[in-house]
C-alpha cells in the first residue's frame, strides 16, 4: 500500500487543525452579544492578546510536528495497518490542541488550563514516539529511521520537560509556559539527523 | 477518468469531517455568555467529558471508514459516474456524524440522541455497501473487490448491531453505546481481506 | 504551468465548502443559551429539519459542480492566468452557498432567503460559464472542450430556470424551491458529453 | 526533500483560510439570540453588506497570494529547513486575515480595525519577501527566481502603500480602504515575470 494517501490525509488534518485554531480568536464585540454594540477600538484587542500568544505557540508546535512528520514519512517504505492507526492516534491528540489552546488563552494562562495544555502536548509526544516505534518495527532491523533517530535526545527530553511543566503549572503557570517555549525552541532547530542519513539518495 | 481526484476529494472531506468535530467541544466559560466570567478550573472540564468520549468514538469510526475506503479504492480501475455519486452519497451521511456526535455528547448520551447517532451510522454503513456494490458492478465479473470482500460478515453484521442499538437506545442507552463500541472494535481489527488478494501485485 | 495544483486547490476549497455547510446545523439546545437546558428529544430535531433539507439540496449542487469541474479540467492542457482567476471567481460564488443555505433553511424557505439562494446559484452558474469560455478560448479553435460542450442546452436552460425561481420566490417560494430541485435533477444525469469526446484517449 | 508536500500543505492551509472567512458572515437573526425571531427580510442582509465587501477584498488578496505562491514554487528545486519555516511564517500571518476581515467588516470599516487589517497585510507582504529571499539564497547565484523577480517594483511598492494606509486609517479610513483596493488591482494584473523566464522549459 502506498504512503501517498497517508501523507495527503495527514497533511489535510494538520492543515485544518493549524487553521481552525484561529477561529478561537473571536472577533471582539463591545456588547458581548452583538446587541448593537461593536468592538472597534484598539482596547478591544487587549483581551484577545493572550489568545494570540497561545495561538502563536501552538502554530509553532504544529509546524514542528508537520515538519518532523514530513521527515519521518520519507523513511517509510511500506504502510502497514499498524502505521495507519499509530498515525491516526497521533492526529487524535494533535486535534485537541486547538481546544486547549483556546482554553489556555481565554483564561490568561491560568494554572489548570496551562497544565492541561501540557497534558495534550505530552500525549501527542508519546503518540509520536509510538508512531516512530511502529515504523521502525515495520522496517525490520537495519531500519533507516532507527539509524536516523539515533540517540533521540530531543524525543527523550521533551516528555520530561512536559511533565515538569504540568507539575509546575498549578503553582507557577509562567514557569510551565517557559518550558513549553523551551521545548519549541529545542525542536525549531531543524532536525538534520534524517537528512544526513538520507542524503546519499 | 482517473481515481486520483476522487481519492483526494474524499480524503479532503474526511479530513475536514474528522477535524471539525473537535469544534463541538466548546471552550468552557463559567458565565456561559463570556460576561467577564471564564472557566479556568478542572471542574469546568467535567461537562465536556461526555462530548470528549463521543468525539473519541466518532474519531475511531471515521478512521475506520477512511482506512476501509483507502483499501477499497485500491481495487478501483475505472471511475464511472455511478461510483462518483455513490461516493458522494457516503460522504453525505458521514458529514452528519459531527452533528450527531455533538448532540449525543452534549446530552450525556440521552436516549433519543443516542438512537439518532445509530441511525446516521446505519445509513453510512448502507451507503458504504452501496458504493461497494456499484464498484463491483463496474468491474464486471471476476471483480477484484468481490473476491476481496468475500462473505463480508463484518459488513452484514454491523447494520444488524446498529438496528439493535437503535431499538435499545430509548430504553437502555448504555447498551446502545456498548454496541457502537463493539462494532468499532470488530472493524478496528485490520481488514486483511483486500491486502491478501492484492498482495501478488 | 501544470493544472495539478489548480485541481488540488479547487478540490480543497470545494471539500471545505461542502463540509462546513453542516456547521449551519446547530446542535439543538432547549434553552437556546445552554443555560443548563439541553435539547435531547426528537422534537428538538424538528426546527432543524428545513436546515437539513436545504443542506441536502446544496450538497447535491456542490457535488454536481465538483463532478462537472472534474470533467472540464480533463480537457485543460494549459493553465493561463485567465483560467486561474476565472476558477477563483467560480469558487467565490460557490463559497457563499453555505451562507445562503443556512439562511434559507433557518427561515423555513421564506420568500427573500429563497430568492437570494437562487441569486447565488445564478451567479455561480454564470461564473461556471465564464470559466468554460475562458478555457475554450485558451485552447484555440478545434477546442476539445468546445466540441464536448456542444449545444450546451443544460448550461443555457439552468440560468433561465434560476431567474424564473428568483422571480417566483417572493410570491410562491415553494415553486422556486421546486425549480431548484428540477435543475439539480437535470444535472444529476451524468454529463456524458465530455466522456464521449475524450473516450478515444 | 521534495516540494510536493510543501505545496500540498500550503494549498490546504490557503484553501481553508479562504473558505473559513465566509463563516464570519453570520446568518442573520432578527432576535440576535434566535429567540423565536428570525431574519428573513432583505433588510436583514444590510448589516452584513460591509462584511461581504471585506470578504470579497480578502478573497482577492488570498487569491493573489495563492497565485504568486504557485508561480514562486515553480522555481524551487530544493526545499531546505529555512524554506519550510519561511513558508510557515507566511501562512501564519495569512491565517490572521479572516480575523481582521471579520473585525473590519463587522465594524463598518471603523478606523482602528481598518488600520489593523493593513498591519496584517503588511506583515504578510514582509513574510512573502522573506520567503522569496530565503528561496533565492538556497538557489545560489544564477537563481532562477532572482532573475524572474527582477526589480520587483510591485514587491517594493506594496509595503509603502500599506504603511500609508495604516497611517491614514485613523483619520480617513476610506482612503486606507482605497489603498488596499489599489494594491490588489496592481497585483491582479498577472505576474508574467516568472512565466517569461520559465517559458523556455
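The letters A, B, C and D name the chains in turn, as written, and every chain counts its residues from 1.
What we mean here is this: a contact is a pair of C-beta atoms (placed from the backbone, for glycine too) under 8 Å apart; a residue touches a chain by one contact, two chains touch by 3 or more.
A quick note: this is a predicted structure, and the numbers were derived from the prediction, not measured.
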Please name the chain that ends up farthest from chain D once chain centres are defined by their CA atoms averaged. B
Could the interface between the copies chain C and chain D be described as same, meaning over half of its residue numbers are common to both, or is it different? different
When the C-alpha atoms of chain A and chain C are each averaged to a single point, how far apart are the two points in Å? 36
Measure off the straight-line distance from the CA centroid of chain A to the CA centroid of chain B, and report it in whole Å. 25
Hunt down the residues of chain D that sit against at least two other chains at once, touch-wise. 8, 12, 16, 20, 23, 33
Report the topology of the inter-chain touch graph, choosing from line, ring, star, complete and other. ring
If you go through all the chains, which pairs of them touch? A-B, A-D, B-C, C-D
In their shared complex, chain B is touched by residues of chain C numbered 7-8, 11-12, 14-16, 18-20, 22-23, 25, 27-29, 33-35, 38-42, 45, 56, 59, 63, 66-67, 70-71, 74, 188, 190, 192, 195
For chain B, which residues are in contact with chain C within the complex? 1, 5, 8-9, 12-13, 16-17, 20, 23-24, 32-33, 81, 84-85, 88, 91-92, 95-96, 98-99, 102-103, 106-107, 110-113, 116
